[in-house]
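Both of the next two complexes hold chain A, though its partner changes from chain B to chain C.
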Partner chain A sequence: MMTVRWGMSIDLDKCTGCGACQVACMQENNMPIFEEDSDIPKRVTFLDLMKVTNDYERGKNYGEVQVAFVPKMCMQCSGNDPQNPHPPCVSVCPVVATDVGEDGVVSQIWSRCIGCRYCQAACPYEARVFNWWKPRYESDFKKGLNPDVSVASRGTVVKCTFCSHIWKRERDKAIAQGEKDINKVTYTPACVSACPTGAIVFGDLNNPNSPVYETRLKNDPRAVRMVHSIDHQPEDERQRRLRIKEFPNPKVYYLSSQKWLRDIISGFQNS
Partner chain B sequence: MKKIERKDFLKVAGGAVAGGIVGTTVSFAPFDGLQWLVEWTQDQYRPEGGEEKFRQGVCPACGTNISVRMIGDRAVKVETSNAGCSVCQTLIQQLYHPERIQRPLKRVGGKGSGRFAPVDWNEAVQDIANKIKELRAQNKAQAVAAINGSGNAAANALVERLCAAIGSGHVYNEASLDELASAAVRVSQNADGALEYDFENASYVVSFGARLFEGWGNQARMHRVLNTWKANNTTFVQIDALATRTASLASKWVPVKPGSEIFLAMGIAYKLIMNYGKGGNLPELARWNGLNDFAPDKVSELTGVPAEKIDEIAREFANAPRAVAVAGRGGKMVSSSVAEILAVQCLNKLTGRMGVPGGVFVKAKSNRLGAVAQDAVARAGLQATRKAKGIDDFIKNGEKPELLFINEANPVFTSVYGLDLANKLKEIPMVVAIATLRNDTAALADYILPATTILEVKTSRGDAVVAPRFFAKNAADIVLAIAKAVEGVAQSFPWSGHADVANLIGADRRPLASFTLNLDVLRNGLEGVQKRMESTLPLALIPYEIPLVGNGSSLALPYVLKGIGREDYAFERMRVLVNPETARTLGVGENSTVKIRSSRGKTCRVNVHLSKTVAPNTVAVAMGFGHRDHTKYGSDKGANPLEIMTADIDSESGVADWWYTRVNLS
Partner chain C sequence: MKRTLLLIFLPFFVFAFLSYVVFLKACDYAMSNHPEKPLPFNHKSHGEYLKKLGAGDCEYCHGFYANGRFKGIPDIATCKSCHNGSTAAEKAMFKNYRDTDRPWGSYAKQADLVYFSHIAVLKNTKEARCTSCHGDKKNSMTTAKTGRIMGRMPMGRCMDCHTALRISNTCLVCHD
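Showing the complex of A and B:
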């Protein structure tokens, strides 16, 4: 039985927007290569490095305006009850192409996907992308492909899986070395190990010694989760809402000392 | 007019249909269709498996140790363990780029036609060596010239040495932070080397437009510096005309009028002298009667920074235990004038921050390659060399060489005089470009010699991660091969390979606290900016950089293209930032299509993106776009603003200060 629940926290105060996480993700996960990828709705990437500013709805003018970058990947939702997870995308998939593992990672098996795109519609974070074209890798670019991640076919939905193939790799190595406790297997997703300022950290949300211990993150005034309306409600209101609706309950936390940035990410004032 | 008979009409129509059917059947169209159908239905490509290994290397751009994951003999991932720069992650794409130059290429079409055919290495090297011998035999050694990029220090040192041994002083470097800082160090500190700031030990940092966390200097080091500053509570003041990420990471952002950073530096110097008694450290400035033009109220008018703010920065700068002022506007692409760097250096000198911990040092080049043997021809050539001050001066005013080496550089793209250079290249008898990928400059060369990418370079700690692909060689080895093929030159090149040379060159930090202010340079610089501000064109154009794209050398890499945000380039159209207020007065709105026009010309069509990150009456434009010839991925995307940016050549650095240009939208 796995007791780890993988989670991530991203300290935006340390993020320079250098883009290393994005390229590391593309390289690790065999992103398709097109000549012209500027048509953003059709672009296939798992990690989106979003540039955000506080000039419009936050009403800041030149001189006070600020710029920040927000790396956004799959938020690995748990649903209301992490013990019995119901991420929005898993609930709607008619062919079980996407499912939740014991470690809470929301998987996606490209070859099972029939391309109905229900999950893409259900995802609150636009974390899923659809392969409108067959992924292509012109000649020698094929040499840089990672054999641990299968190349998707045209007409399938793909997404970030917290690089769970790296976990499998580490698990196999640990087993080969005689490790019998599966919870001792640790790993680092590509974006996390690439981050040159250590802004992105990864670990077990259940473990008090982990850098992403969830109880600590939940009490951190700098922490917010992306567009999650019940996080900042009083406890009784939160419980009431949990009874009537399934919430995504994502496992990625953003940390920022800037209120405007927390507001933008959470989608609420005074977060 | 003759009436067309029904029978004739049917004949013609029948013939056309029959011809069409025959044409289609005989052509490849149906087979292409079938091929497409097969591909569409077949299984996806399955990457080959193999044994997993990790091989160690070093990224020369940032000095970070990298570990490369290999599957069999394929490199599939670069691991940097929370360090490194944005180049590190793109190394795999560089290595396996399908348009890598594989063999030496010789031009087959007309000059500048861009048509090449592969030739043998020996043939290429011999031909180039013969050209050198021919020029030397005619006593025209000074007709050899070279332009160095900034990627391969060993190759650059060898190119310089090759030219010296041949007898030419015409070696120029592509403009960079170090190149501009070196010019300022030459003027004020009489030394050969760039500026190095001891950021790790500073407690108060004022940056005059240097976008420290957006590719400036050594990116990997600056990432570490950010964490150090957070841990030490270092105060960081960013002066910039644009709300960049660096400005938002700073403790304080001081918005200034575009191009007026130099005036603000002078205003702070005025306060340091007049109010904080620092004049004794730089008497020549304290005595200068022109200083009175930089009283806070006057500077406030020039820069748009309130007088109290100027006083505040001056006070904090004077009182901070380890303050340092940083010059060099930009990220990976830096543009500044020597006068501006001097003005900023004055602040460091006034507060005694030169050559002390947390202050500014000189990074002096150390070269242990030894003396160059020069024969009579070489000595005569060097004497006849009328060396230009810098690359732009050379392109615009320099003598036309007869043999030009372009060593892993792309000056046609990165210089404001790029188009002039492109025309000039067509008239130079032999242009030799060393490059990994075809670029705007190499496409106009007579020879393109294939260079290795970073993962193929042998490091001092061992073998290269991947053996050199195709027939590519390290640029330093290419230069060695050419040098060894020329009698009279060869004896100055005893090394067997680039690794031997790399061990002999480096840079060390020196205090060099002596500083002589050249008031003429400063005065000319100040007047130049003032004149530029008086232009009748209503808007200021300033540059910014996009993460990963930087100066545009990585635009040929698809994973870089994929990461470009929609506010910068979307739906095959580049976007420029305009303040909404300004847009209203100009009658343009979000996504309006415009052309930017300066006194030098106009760009192709770009779209407007309204943003209050940019000052009113200012247009901010991303650098790195608008390649004319840089693989199918990087070409013809957006506009290269350098083509319309100000091209006043700095009298000391010989490089144009293009940072601030007056423009209009049309």
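Showing the complex of A and C:
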């Protein structure tokens, strides 16, 4: 029985917007390079590097304008009750192509997907993307494909799964070294290992020794979760909101010391 | 009346039977490539000899790499660890055969989305052994197809065992 819950924290103060995480993600997950990738609504990418600014009204003076880059992947939502995960995308799938693992990672099996795109509509973060085109690779690109990940065909929904094939690889390695406890297996997703400044940190949310211990992150004034209105609320108000609405409760935390950025990410001025 | 009913439904029965046969053949064809091997390998005599030496089960040849990957078909160096190439047949074999030769295909090719981990299944359970999927390969005298797997490995068998042993049955355990 797995007790780990994988989670991620992204320190936006350290992020330089270099895009190495996006490149590593595309490479690791066998994403073809489409001609239309500059077309944002039809772009097929697991990890989206968004550029945000505090000057959307164009009213700031010179020197006051600030820009930040926000890497956005699947938030691996757990719903109101993390013990009984209930992401918005799982219950709408008519063919059970997506479900939640014991470690809280939301799966997406492309070959089972029929492309109805309900999950894409249900996702609050637009983390799921639809494969519009048949995957085509340039001449020698196909030899460099990752054998652990299947290539998603045209007409399926794809998304980030926290590189769970790397977890399987590390699990096999741990078994070969004689490890019996599955909770001792640790791994690093591709975006985390590619980040040159160490802005993205990955680990177990339940472990107090982990860099992403959830209780510590929740009390961190710099931490904020994307489009989530129950963080940094008083406890009784939080409980009241939890009763009236199902919240996605994502497992990816953003850390920023700048208030305008936290407001933009959380989507609520008072969070 | 009964005969009329039978005549009406006969085409359906025939169609169902034929599609069942075609399905089986297609599965075999799609999933098992090259069932006949270029070398008449005798598993039985090799197994008995290795047992006499004290080397374990199938793992001497079909073992694992240090990172837990399944080796599958052994390479020529594994043969050379016992055979020194003294006889004429061995000489010809070592001269002509290379590891990069393609014809040694696998018996059961998994679909692209399956991440089947041999080491996780074999080291952590006592129920699943090599024979439970690959048939009685240990006592076979040739490299022809034997028994159970026949190129098919339905997901239900994996899931039944996972349920019985209370192992997680969620998609990401085996699929990617």
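Keep in mind that, in the parts below, the second predicted complex is superposed on the first by the 263 of 271 C-alpha atoms of A that agree within 3 Å, B and C clash if a C-alpha of one lies under 4 Å from a C-alpha of the other, contacts with A are read in each partner's own complex, and residues count from 1 in each chain.
Here is the rule we go by: a residue touches a chain if its C-beta (ideal position, glycine included) is under 8 Å from a C-beta of that chain, and two chains touch if they have at least 3 such contacts.
The structure displayed is predicted, hence computed values, not measured ones.
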Fit or clash between chain C and chain B when superposed on chain A
fit
In degrees, rounded to a multiple of 10, the angle chain B-chain A-chain C between CA centres equals 100
With both complexes superposed on chain A, which partner does A:S150 reach: first (chain B), second (chain C), both or neither?
both
Of the partners chain B and chain C, which touch A:D55 in the superposed model: first, second, both, neither?
first
Can A:G19 be said to touch chain B (first), chain C (second), both, or neither?
first
So in the superposed three-chain picture, is A:I175 touching just chain B, just chain C, both, or none of them (first/second/both/neither)?
second
Touching A:S164, do we find chain B (first), chain C (second), both, or neither?
second
Which one hits more chain A residues, chain B or chain C?
B
Once chain A of both complexes is superposed, is A:V4 in touch with chain B (first), chain C (second), both, or neither?
neither
Does chain B (first) or chain C (second) touch A:D99, or do both, or does neither?
second
Touching partner for A:E35 - first (chain B), second (chain C), both, neither:
first
Chain C versus chain B - closest C-alpha approach in the superposed model, Å
6
Considering only the contact definition stated at the top, list the common interface residues of chain A for chain B and chain C.
150-151
Chain A contact footprint on chain B (complex, rising order):
39-40, 43-50, 71, 74-86, 88-90, 92-93, 95-98, 100, 213-215, 219-220, 223, 226-227, 230, 243-249, 255, 547-548, 558-567, 569-573, 579, 611-616, 632-633, 637
For the chain A and chain C complex, residues of the former touching the latter
1-2, 98-102, 105, 107, 109-112, 148-151, 161, 164-165, 168-169, 171-176, 180
Parts of chain A lying in touch with chain B, wherever the complex brings them together:
13-14, 16-20, 22-24, 26-28, 30-31, 33-40, 43, 45, 49-51, 53, 55-56, 60-63, 65-69, 134-135, 137-147, 150-154, 190, 193-198
Listed in rising order, the residues of chain C that touch chain A in the complex are 64-69, 111-113, 115, 117, 119-120, 123-124, 166, 168, 170-173, 175-176
